[in-house]
Amino acid sequence: MNDRVELYRGNRILLSCLYWAFVVYVFVPLILMVMMGFKDSKFIGFPIKSWTLDWYVEVFRDAEVMFAFGYSMLIAILSTLISVVVGTWIAVLLEGRRFHGRAVMFGLTVLPALVPGIISAIAFRIYARWVGIEPGMGAIVWSHAVHNVPFVALVVMARLSTLPKSQIEAARDLGADPLVAFIRITLPYLAPAILGASIFCLLLSFDDFVRSFFLGGYEPTLPVLIFAKLRSGMSPEINAIASIALVLTAIIGVWAERFTRRLNKDN
Amino acid sequence: MKREISASNDAPRVQSGVPDRTFWGRLTGWAPYTAMMRLVTASPKRQFAILAALPIVWVLTQHLGPMLQMLRVSLTDAYPVAPGVEQHFTFDNYLRFFGDSIFWMPFFRTLTFAAAFTFCTLVLAYPVAYFLARHVSRRNQMLFLLILLIPFWVGEIVRTYAIMILLGNTGALNLALKWLGLIDQPIPFMYTGFSMGVGIVYLTALYMLLPLYSALEKLPKSMNEAAADLGAGPWTRFWRISLPMTLEGIASGCTLVFLISTGFYATPVLLGGPSTTVFAETIAGFFHVAGDQWPTGAAFAVLMFVAALLITAAFQKLMSALRRGESR
Amino acid sequence: MTKLIYNRRRFLGTAAATGAVLASPAYLRHASAQSGGEVNIWTYNNFVPDSFKSQFEADTGIKVNVRLVDDQGKQFNLLAAEQPNPTVDIMTVAGHRFLQFIEGGLLAPLDTGRLTNWGNINPVYSESDWSTINGEKWGAPILAGMEVLAYNTEVVGAEEALSWNTLFSDKYKGKNAYIIQDMMSIVMLMKGYDGNMVEYLNDPEKAAAIVEEAKNFLIEKKPLVRKYYDGGAEFQQMMVNQDIVLGHAWNGPAAALINDGFPLAMAIPNEGSYGFVYTYNIANNAPNADNAYTFIDAILSSPEIGAAMTKASGFISTYKDVAPHLSEIEQKSTSFPEEQLANMKFFRAEANELKYGLVDPAVEAIKAA
């Protein structure tokens, strides 16, 4: 028995080393990025001869950057809401049901994820005009929502496939109609997958450049603004912008985590 | 076997018996609601039709619409149509791919790279997801996951430049190696398959982590313990229990990562070398340079799409065959 | 190319005299009475100086909406997708690229008679061979760029940089970079051909043979190159990281590095090189065409505005008499010795269809090789 405990602990230490190694891999470029935001030069890179806070001062003075940040956030949230509803709906339809055209339906569902960015952006742009959607926030939200649906559907389907049928059946036996059974049994079971998929969609939307560029109006989203600024060089200013975005999102993330934790406790 | 165990684990319970005074109880007792539900669920067929209506309409108008437009463009000889120019139907854009071997190399390279990166990502992400799901207390899981997710908010381009600062000749890694006295001359890490891999795995890790995590997270602990009691070592447990039971998550993670990898553009362009040109670059070329080549670009995109779709379909088939084999 | 030098000298003198008169903001007061409304512009970061923008808005009441772009192809695609009712009034296209826009019916000819400040532009640019197409002017030149050989002065000697061959020498194996498309034109020039391919408009076979030769040369030299790059920011980063010590570059990004104190210098090698000019163009069916003219006229009004654009972008101003408004290092990083300038030609668009029909597949072949 002791051997087994030893083995378990060894395993755990090995795994935690791998985890923290991964954290290092993920964070080292970020630390470099944040560092470069304080470099007193127009270009990032070593050696750093002197440090400055000027880039940060400039960013906070620059109303355009602040606006772009809020604008990107808003777009991310709105498009995620749409993708989550539609993606979950599609997942419920596809998982565990056999019907004619299921394979076709599945193929069509994942379609937007397959199309390379530039092609999908142009396709969206042409289609938007055909349908009559004006370029601007609505068009960006729409394109992000469509693009993110497959990811929600795939993640939710994976989770849904493991939902014990017996639970739903039990609920139905007890008189719950399909809608109530869905909301009270299926949805809570799917919650982690939906939450994961939402974070994922937020990221995709917040990070998207091509679609935002082609479908946007005269207000740039953050990636569009960064791309435009990049033309005159990768300056520490861009790193400062990204660092601020990082800190703000980290705060929001930790707050959200605390919030859900409290929510769980209350329940 | 798997079902019963997880069912007993964390099933939310439905109240029964006595009249239910909760919101749900009142709702289900409310006449208009019951009437509506009766209407909706009158027959399985109708119930299915109502469930399927929104997805079908959405998928046809939102997913298929833009793609059909692209397909149509790929079959024309001029797009966008300039005034006074007539548009003709043609297959030439597709024939161009098959007629010229210079396009094949980036095409197959992209598929190979995508498969290789998918594999690397899986190998890297699995232990991380495993640790998160199995060795971190439930309270902290979300926090640990968030730690990994936060960096992905930075945006592809800024992150990619940060990797240049890490791997360049005067980058952090070379400086560190020099400081440690391990090298005299900087090692040229940048603009190689290595730097490209570092950048891409960075991008794909997240897409792999989430599905793996959600698959591993619901793997019942009791099963591993039971196996351990029967004398199964960690490797046996991994091969016989964890791996087979998370095939579903592996399948969806790999599908996601593979699909996304075939479409990567900025990272390979910025971090790759002269001999790592990917097909997305070829396609983008038709839209960037000298214009008037949209139809060819669209046709090539269709080809890439079909190839990626076939591969994922085959992969999914393989995985479901494996799963069937396991459950037998 | 003696024409270029002649023009430069002659107009440098007259510029000072006319400058003061033309810089007068009288037209602005006139314009503010006439309209208001807005003007929509697609342009690169820093191509519309902030101070000018707020001044213009205050003086005329016209709101300036700037949409930042990062590439010519995207502007073309975006504009094409918006036809026939574009949202844009003014775009920023490089001179040798606007033939494609004109043929697509995307641009309106520029009525230079409506621009009182047209004469503020150095005629080297405003009256150059590429600028008139179908008997019309299509854009107002604002900034000029060049294909140069840029090098780290701590590693590469100034003499070495006077030949493009240095870029392909074994000595700098794995320490150089270039943009393939641009390099194709330069290699043609190195081999003594017309990189614009205008001379071969009637001889497509010869054109194909030349492109083939250039392609084979670049494939042969592929083992020596560190990176085929696309954007100026990449070039700057490779230099800063010392991944490369020399490379082909546009003068703008290189000048920005020089201005920041990096030990970099640039040269127009003896084999020659090409230049290009960014212009403000008015879209066909522009929703606010009158405001667009007001805007272009205003931005051309003073060399100070031209200098501000040069400071921000590193490209050479097309305005007369900009030098007094630039610092010493900025002047240095945006000028070349006369004997080097004599080797410079402008890109031309007449043969673009022939040229890129051959060059684009060649570029793909080089990348795939």
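Order as written gives the chain letters A, B and C; numbering starts at 1 within each chain.
The criterion applied here is as follows: contacts are C-beta pairs under 8 Å (C-beta built on N, C-alpha and C of every residue); 3 or more make two chains touch, one makes a residue touch a chain.
Keep in mind the model is a prediction, meaning the values are calculated, not measured.
Looking at contact counts per chain pair, the maximum sits at A-B. Chain centres here are means of the Cα atoms, and by that rule the chain farthest away from chain B is C. Averaging Cα coordinates per chain places chain B and chain C 40 Å apart.
If you average the Cα atoms of chain A and of chain B, the two centres end up 12 Å apart. The multi-chain contact residues of chain C, meaning those touching 2 or more other chains, are 74, 77, 81, 237, 240-241. Shown for chain B are the residues in touch with two or more other chains, namely 161, 165, 168, 170-171, 287, 294. Multi-chain contact residues of chain A, defined as those touching 2 or more other chains: 44-46, 122, 126, 227, 230, 234. Contacts from chain C toward chain B in the complex involve residues 71, 73-74, 76-77, 80-81, 83, 100, 103-105, 174, 181, 222, 225-228, 230, 234, 237-238, 240-243, 352, 356, 360-361, 363-365, 367-368. Residues of chain B touching chain A in their complex: 3-4, 6-7, 11-12, 14, 16, 24, 27-28, 34, 37, 41, 47-48, 51-52, 54-56, 58-60, 62-67, 69-70, 73, 124-125, 127-128, 130-132, 134-135, 139, 142-144, 146-159, 161-163, 165-166, 168, 170-172, 175, 202, 205-207, 210-211, 213-215, 217-218, 228, 233-234, 248-249, 251-252, 255-256, 259-260, 262-263, 265-266, 280, 283-284, 287, 294, 297-298, 301, 304-305, 308-309, 312.
Interface of chain A with chain C (complex): residues 41-46, 122, 125-126, 129, 135, 213-214, 216-218, 220, 224-225, 227-234. Within the complex, the chain B residues that touch chain C are 80, 82-84, 100, 102-103, 105-106, 161, 164-165, 168-171, 186, 188, 190-191, 269-270, 273-275, 277, 281-282, 285, 287-294.
Taken together, the chain C residues at the contact with chain A in this complex read 40, 44-46, 65-70, 74, 77-78, 81-82, 87, 231-233, 236-237, 240-241, 253, 256-257, 259-262, 312-314.
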